[in-house]
């Protein structure tokens, strides 16, 4: 086994996401951390480089009926349905809490909608509110006017949402891509051209689970989103593909649960890495992973984590 | 915990794949079982419902350089590159051996090629040879004339290969789809229209692995194919989608490793289920899984496994 | 969505730590007693609350929520000397509990909590009716002890498939003032569901219950709550749903209530039975 | 592709069974002795062959190939009475071996084999030179014993990072007629690589080796094979590659040779050093 050399390299973990300056390259995958305040009894939110909130829609969404989660091999399927109390409640309660309690923490507000105008309207409403570092536009929401296909399934749909949102904000704006496509690089390029400042990927892989004894789907909506370590190889591959296709920075995610995983995502081309499913097993996951990443860098003589970004050969 | 009722239901495991009659719905995923003969010291090949061989090309393929496999969470990535000695050697050695030793076993010969004509030529060469139950056309091979994109990435490419192969054979012909697309149902329909008698899915998900300390890809070709339980939820979902889109039977696969998994694939719409990665950990996996499937059916009062096909609601 | 409950729960300190297994043994068919060395958490946990247990199995990405059964005072236990120990009772339900059941003493697990709300005890509670079904009796044990210690008259009605599955019956027999039993097979107590003895107790004019606490399989909870409500008795139930984070972040475990969707992990697990929309809730039942 | 080797190997019976751990203990830093109760397999295995061990960890889908170290005769062992026991030596290399190292006696694992070819011993072999590096000495132990039993003169040259990592040095010291040692840090034997004492032995006119058997890290095997070849000595090496099926089905572990690509699992693991195309093989090295 390789002897670990404990070099006393001082590691600078600070990174940037476009114009945003982050104290470390860790954020959380939208929906796994609430709007942050739910975690505050367990974790120091300031340990995050950036907070990404649960998706916020224009009006309250009730989310899906039936079972919402099933654990599968090295992962989980979820069918939450972006339940949220809507942008007004978000501003009044969550955002106010964040401003009051973690004023220094960059907050990326995740945006969802059932039409391109929905998304734009949420951003328009938030644009005047202080305490928001930027937006992450989730184009994996079902497009109600287009029969439920997600916006992220086509270059045109992805670009449309991006463009309308871009018009409403001068803040940094990430667009979060769906991985359930055959041309992730094309979609990334469309989104970049339409004005995204950064690209988040991957959202969950579309999967299903069946209860063989009941002969029924586990989920009322039949299909659900797969996350966790199971999808890490696919996520890494897509980050590599997108990093080669666009110039804007990438927020990489998909099954990362260790400092080594984060290093892999950085090497693949991500500037920031989101921890998702790993938060569930351990509310302190991000804190631990930041330490692991620092240790990895120290061992490898990396004095600045940004050295790793896109450095795979 | 549910009390298991040990009903003495006699279970008929026989099924069909179009005109083929199989003693049970189990086969093996191409490439995980050699051409069968390599396994013969360990397992009674006649325990399979059907044998699916490793891919056979017109001329010998050397396969990929570098590391060819990496274990990942609940799965593995492979980059074998369809190494095979070519159709002549296959006929002379492997097929001859199969005819001599397991004459009753339905043998599905998996076909690969770098051009649509390649595929057709392999089938043409095999068509006169006895001891072949049918072909499984793997359209996930890189299309050399189209810059390495796989045939299975587009409806047109998939249909073209299918059509040319169809012209060369009157034997049952399955087409094996790539899951790295956004429209699996469309591709399945194209392939059905072009003359496929059945559809196999899913091939591996495209992924990658990075050695963070070396800052390099694990695989010389950078990307590799993900298989194993990690992909089961995606595979099941795609089987459901394809079963709704086509009338031809389905050979389902992707991470199945137990009788319960097989029942889920059958319920999702598969008529036959292939065991892949699970063969590596246990050469007797298929035999065990057949028994587990029988036990499941007995417990659930299923007297005929074909009752399960597509029966999810 | 758990902002309200958060503000309330925030008053309670939370702990994320490592817990070593002190004992993990079968106490009935498919039923285990798990004693954990997690003293800070043991000191905090209230009757009805639960913890999340990270089994540290790489392929099982989610922690397991398990309700507190009781807290052992600091002192000697087995071969060692410990701070307060947390005891849980769990039943084999799937792969996670199966693996947990094979873990020997000394195994280190991740744990965080206490989570969720507690059984509410109005100040003037003089007589309480507890109804437990199967493993669902376990989350009532701490409550029974607390009520008895507070001078409250406690009646426990307990059901199970058979006499082996009357979880912690000895403890309830010792703790409670009255203890009625029912088994599906009649191997102990009333033959039939727990609703039989419950109905009798409710009809008995000598009883003057102030409140009912119900925990068990959902159909049993529904039936028992209906009987209590019909008798004009306020009933609280402890619900179970597939759960991920356990702390109100992911919205996996929501339950429809008359107040809107509520998180079992953060607004619950304990709800006033009248508020739960049982029919709507049915499609997300775990069992 | 393993048709030829298959026909050859077919003469050997193969076993797929369950094996219980009889002993699993650290014998040196990061190095473990694993004794398995798998008597049918133990009776079949030949020097240089390996087995595949299914660790029964749900997230680790592949079995672990490990070479046979030695076979203990049937009889008493520890607390029990056993048929022939199979002993392996393994080093912590990653997640699989890490988990294996934590498994107590009594743990049931899946096993299949014997796999691969064996060290070839030409009929007229009178004097053999064995060269082992690190954990790579282990697959030479059965061979050394076999050769000694056959009346062959056996010289073992063994290297390791330090004296602790001269795997099974005591056994070789007892078994072999000559035993030369080298450590990187000079803590035992020659200070430096194993090539030092090897070169001396090859240059010593008193030695008249018929054949050399080399096992260890690939760069060490290459260097040692080159020295042997230069001295006109036929050398066999035991190779390692990422492996899946272990039986010639999946073509994961191919190695480029002058005869074309060959499977380490089915044509190997043992190859004539002259046939291996070392430069081409480099990109698929495991370590």
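By written order: A, B, C and D. Residues from 1 in each chain.
Note that a residue touches a chain if its C-beta (ideal position, glycine included) is under 8 Å from a C-beta of that chain, and two chains touch if they have at least 3 such contacts.
Fair warning: this is a prediction, and the values are worked out from it, not measured in the lab.
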Mutual neighbours - chains that touch chain B and chain D alike: A, C
Chain whose average C-alpha position is farthest from chain B's own: C
Selected interface, A-C versus B-C, where C-beta contact pairs are more numerous: A-C
Chain centre separation (chain C, chain D; CA means) in Å: 55
Centre-to-centre distance between chain C and chain A (centres being mean Cα positions), rounded to whole Å: 35
Centre-to-centre distance between chain C and chain B (centres being mean Cα positions), rounded to whole Å: 47
Sites on chain D at which at least two other chains make contact: 58-59
Chain B, residues touching no fewer than two other chains: 73-75, 228-229
Pairwise touch network: line, ring, star, complete, or other: complete
Interface residues, chain D side, partner chain B - complex: 1-3, 6, 9-10, 13-14, 16, 54, 58-63, 96, 110, 112, 242-254, 261, 266, 280, 283-284, 286
Residue numbers on chain A that touch chain D, as the complex places them: 1, 73-74
Chain A residues touching chain B - in the complex, by the definition given at the top: 72-75, 77, 153, 180-183, 205-210, 212-213, 215-217, 222-224, 226, 228-234, 236-237, 240, 255, 260, 263-264, 267-268, 296, 300, 308, 311-313
Chain B residues within the chain D interface of the complex: 31-34, 37-43, 54, 62-63, 65-71, 73-76, 78, 80, 83-85, 93-94, 97, 220, 228-229, 277-284
Touching residues (chain side chain D, partner chain C) in the complex: 57-59
